[in-house]
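Same chain, two partners: chain A is paired with chain B first, then with chain C.
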Partner chain A sequence: MSMEKTLDKALLSDWIAAVTSGGWQVHGPALEDGIWTFKPVAASVDLDYPNVKQAPKDFAFPQREIFFAFEHIKGEAPRLKEVKPEAPQCAVFGVRPCDGRGAVRMDKVFSDNVNDPYYQERRKNTAYVGLACNAPPSPTCFCKSVGGSPVSSEGMDILLTDLGEIYIAQAATKTGEALMAAADKLFGKMGAADKKQLDKVHADAVAAPQRAVKDAKGAPAALKAGFDSAVWEEMAKPCIGCGICTFLCPTCHCFDINDEMTGMSPLKGQRVRTWDNCQFPDFTMHTSGHNPRETLGTRLRQRVSHKFRYFHENFGMLQCTGCGRCVSECPVGIDIVAVVNKVAEHVA
Partner chain B sequence: MINVQDIRDTARDLLAKGEVRAVIGWRAGSRGMAAEPCVVTKPEEADSLVWDPTCYHNLALQLVNDRKDLVHSKKTATAPIGIVAKGCDARAIVVLLQEHYFKREDVYIIGVSCENSGVLDERKVKAQVGGFAPSAAAFDGDNFSVKTAKGDKKLAGREVMADRCLECRTPFPKENNTAFGDDKTGREFDAQFAALARFEANDEAARWEFWQRQFDRCIRCFACRSVCPMCFCDECVVDSIEMKIAPETTAEEKANRIRWIERSAVRSENATYHMTRALHLAGRCVDCGECERVCPVNIPLRLLNTKMEREAREAFGFDPGASIGGPSLVASFRDDDPGEFIR
Partner chain C sequence: MSHSHAHANTYLPKLAKIVHIKEEIGGERAIKTYRLEFENGDGFDHEVGQCAMLSIFGRGESMISIASSPLTKEYKQFSIMRVGRVTKAFHELQVGDVVGIRGPYGNQFPLSAWKGKNLVVIGGGVGLAPVWPIVTTAVAKRADYKDITVFYGARSSKDIMYREDLERIRGQATVHLSVDRAEEGWKEFVGFVPANVLAKKPDPKNTVAIVCGPPIMIKFVIQNLQQLGFTDEQIYTTIENKMKCGVGKCGRCNVGKDYVCVNGPVYSWAQLKDLPQEY
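For the complex of A and B:
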């Protein structure tokens, strides 16, 4: 990392003020109505939080995106009006390493094979200021076993590490360097003692025990071999087919496109993209009425296989980053770690 | 206190004798503290069943799923299905029976009484430790000992008990084939509709401000609908899965397929969704509180549903889930209905 500095904790709010006056909207974790969410930050931000309920993916991939507006007056040609995303510059503080790695995966989907101008416009205006997890903030964390690390800076512009009285700020991108340079005088030089402490905190973080996918490297092959396993229906038995596991996931990216009418005479409306997900009953519904994934088992298989097999086949990396949200938030305890382990066990 | 071994023995026995084809119950969850619903089909699996204050799921939903599976796979049941049921689960089963979703002889109810307890509300635990999730919870009959990233805590049972349990008057499943635990019917830790009454103490402007904030936050994951045993419709207002397209279906018909509510999670659509669901549950909701429990963004849905429940109670004397033989609110007519709104 190129730029590594110390920041006195008492100066965090000054830095946020400097970033704000540099034209950025600063967002950070806030506890509101009993849940942690990313909210616009007015003064300072509380960085003593478990992982935020919803992954920060909506900064680049909002749940609702308007593509264009249309109007059709009888007897005239239909009129289309492109709607460009309003994408203010957002600096998101307090992104956990699993969600930084989530952003890397979202980038693959919307920038590697396809060019999604809506996503890209928002993404280039988004900066992630991460916070290393000195200890797993949730009992369901399993980032280590899927190739991540609680101190990873992948996908981040800056990674902060809490050393008690100070943060160490490590810039990982040019944007990150610029965010720090904007308030250069607030930061101190990272001395040898700081460096030593940082290394110790990081080493301890990496050593902290977590739940684990037993053989993540072998998962793509195991899931392929276990495609027809009876385990899927068995594990999916209590599943209610809701949108929790997918909507909260940092890497789920499926969407639907609909025309939403705002008036009938003259006919007008908007073409809108909204999040969709493979657990809903109509996700793979064909126009004929046939549904190839009619049962909950086939839908669970789709979700888990996408995370641990198909994405790997397409992009050479697991899609799941081990944030544990789908595990902790599932209303009936369906546990992706247990599912992958069990399918692997059955084909072994 | 119930000895969990009694539940296991009953399940094992029923399965061994072939009196039921499966038993729906709870087992220890793999992810840590909470129990999870399970379906036991072999006698030797019966010992995996558990009973503790994290058995919050309303298992009546699993009966609905079982029925849908049977219909879907065109199979007929060889024997009844067994189910471990709390008071609220049993009330839900009663409504399903009233509505002829299945027959009484199709289910074998192993009732479990909550006695002087109820289920844990994880949110209330989290509220005590800055929103961090507990990793383990043990209950000694009065207090919970929980482990969290912010240290261990001992919490009084009543303090972290779900609101629905505080307000519950039927902690004993009256409708049962066999039941365990003492019958504490009529117990009341908090008055019924207490949470609603506390909310209604706010003026109209404050209430509307509150609901706008709640509806804006809804991500339309439909977990509240999907977890509800009373929301069993094959075609729900939110997903039109019954529209079949044939060669002669016109583009207009496709474009104008019924969409009562748009996919966009915006205030108008979210509010419409919640109002519609509340109305569909009037006189049917048994206040098991599952919708409120599962909501990932903490929308207090009980406030909507208990409001409808109270209306049905006050206007028509309805108590959903009280008796199988009783009429159902929307499908019955009485000459002596007050009908004050009909002029």
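For the complex of A and C:
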């Protein structure tokens, strides 16, 4: 890494002020009604927190995006007005490594084949200031087993590591370097002792035990072999189709497109994209009523196979980053780690 | 990634005016054929087999196969069956109305690779529309292909779409029509399309067969083609899944790793039989 510096914790607020005056909206973790979410930061922020409940994918891919407005006066041609995303520069402080890796996967989806102009516009104005996990923030974390690491800077512009009194800030991109350079005098040189402590904290973090997908490398082949396994229906049985698993996931990107009316005469409205979810039966249901994924098991198989097989077949990497949200938040305890392990066991 | 797409907003439809409407079939699941001319000097070229997202603002969008040949530049043709929200609204429209269109989406039939071969095009119901540009393009470039044979079947003679077009190409192509049940004055085949194919026995030698129609028809046509000696590589079909984006991002049209809107809708049977049956 090119730029590695120390930052006294007491100076974090000064850095945030400098970043803010550089034209960035700074967001950081905030506890609201018992739920951690990223909120705009006024003065300073406490980075001593577990992880946000919902992955920060909405900075580039908001839950609702207006594509264009339309107006159709009878007897005239419809008029369209493209709505460009209002995308202020956002610097998000405290992004966990699983979610940084999530952003990398979202970038693939929204630039493959055809660029998604809304995503691109927002994404280029978003910077992630990551925070290494000195210890797993949740008992459901399993990032290591899916190719990640609690100290990964993949997808980050800067990775911060908490060394008690100070942070080590490691820039991973030009944007990250610029964010640090904006407040150059706040940062100190990383000395040999700091470096030694950093390496120790990182090594301990990587050594900390986690849950694990037993053989993630073999998962794409195992899920292919286990496509017709009875395990899918069996494990999907308690699913109530609420969709929490996909809404919270850093890499779920499915969406719907609908026309919302704002007036009938003249006919007025807007075409809107909203998040959608492969666990809903009507997600794939044809007009005829025919549904290619009719049962709970086929829909669970889709969610898990997308993460552990299809995405890998398309992009050479697993889509799941092991954040554990879909495991900890599923109201009926459907556990993606257990599902992958069980299907693999079943075909072995 | 193709450069021309880099800055365009794929979700923003162009406008096109309906310049011609033909009622193909009446009844509950009526089919009408629309010719659309781009407004404002807009437009796009397409390949045989590709689709477009058509919009009625305030109703939504539907993915519809482009049923005209790429050689026809003045308009694009679509045959739309009235089934739900958007398609019903389409059936209310008049000549002169303006709709939205974006695309083209999807892959294509490898027509140029088929030069010098016999083509057997097999359609049922509204499934004639996606394969029709194969016929019109091959007939327009008649010297490039050997025999062109078209099978088309409908429930009754009233349900035959593209009736005049089918008659017009006789002479340049062999046309085998069928109706499901016997009718006064019907001189051609009575029975289902798969049976007609088996009765006429197209020769698999140096031939490709392309089939599109209701899933059950496709299934039996493929079985019968195999019985006649067609290999899986010689059989092509198209698949439909529910679609929203058309560009492999909204996630709903996938069959395994493939997004039908990008990697499909055209597949050889050799390719399709290896994919999960989620269509």
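In this text, the second predicted complex is superposed on the first by the 348 of 348 C-alpha atoms of A that agree within 3 Å, B and C clash if a C-alpha of one lies under 4 Å from a C-alpha of the other, contacts with A are read in each partner's own complex, and residues count from 1 in each chain.
Here, a residue touches a chain if its C-beta (ideal position, glycine included) is under 8 Å from a C-beta of that chain, and two chains touch if they have at least 3 such contacts.
Everything numeric in this text was worked out from a predicted model, so none of it was measured.
In the three-chain model built by superposing on chain A, chain B clashes with chain C. Once chain A of one complex is fitted onto chain A of the other, the partner contacts of A:T287 extend to both chain B and chain C.
Touch criterion met: A:D259 reaches chain B and chain C at once.
Contacts of A:D33 after superposition on the shared chain: chain B is touched, whereas chain C is not. In the superposition on chain A, A:Q63 makes contact with chain B only, not with chain C. In the superposition on chain A, no contact is made by A:P209 with either chain B or chain C. In the superposition on chain A, A:G316 contacts neither chain B nor chain C. Using the contact criterion defined above for the overlaid structures, shared-chain residue A:G164 touches neither chain B nor chain C, since it reaches no partner. After superposition on chain A, the stretch of chain B that runs into chain C among 243-251, 261-269, 297-305 or 333-341 is 243-251. Taken together, the two complexes place residues 256, 258-259, 276, 285, 287-288 of chain A in contact with chain B and also with chain C.
Put simply, chain C touches chain A in their complex at residues 1, 5-13, 15, 17, 39, 57-61, 83-84, 87, 98-100, 215, 240-242, 244-245, 247-252, 254-257, 262, 276-279. Chain contact summary for the complex, chain B toward chain A: residues 29-39, 57, 61-62, 65, 72, 123, 126-127, 130-135, 149, 213-214, 217, 219-223, 226-227, 239-245, 254-255, 259, 262-266, 290, 293-294, 296-298. Considering their complex, residues 67-68, 70, 72, 77-78, 80, 82, 109-118, 227, 253-259, 261, 267, 269, 271, 273, 276, 278, 283-288, 290, 292-293, 298, 302, 305-306, 309-311, 313-314 of chain A touch chain C.
Interface residues of chain A, counted against chain B in their complex, comprise 31, 33-36, 48-50, 53-54, 63-64, 135-140, 211, 237-238, 240-244, 247-248, 256, 258-260, 272, 274, 276, 280-282, 285, 287-289, 291, 294-295, 327-329, 331-335, 337-338.
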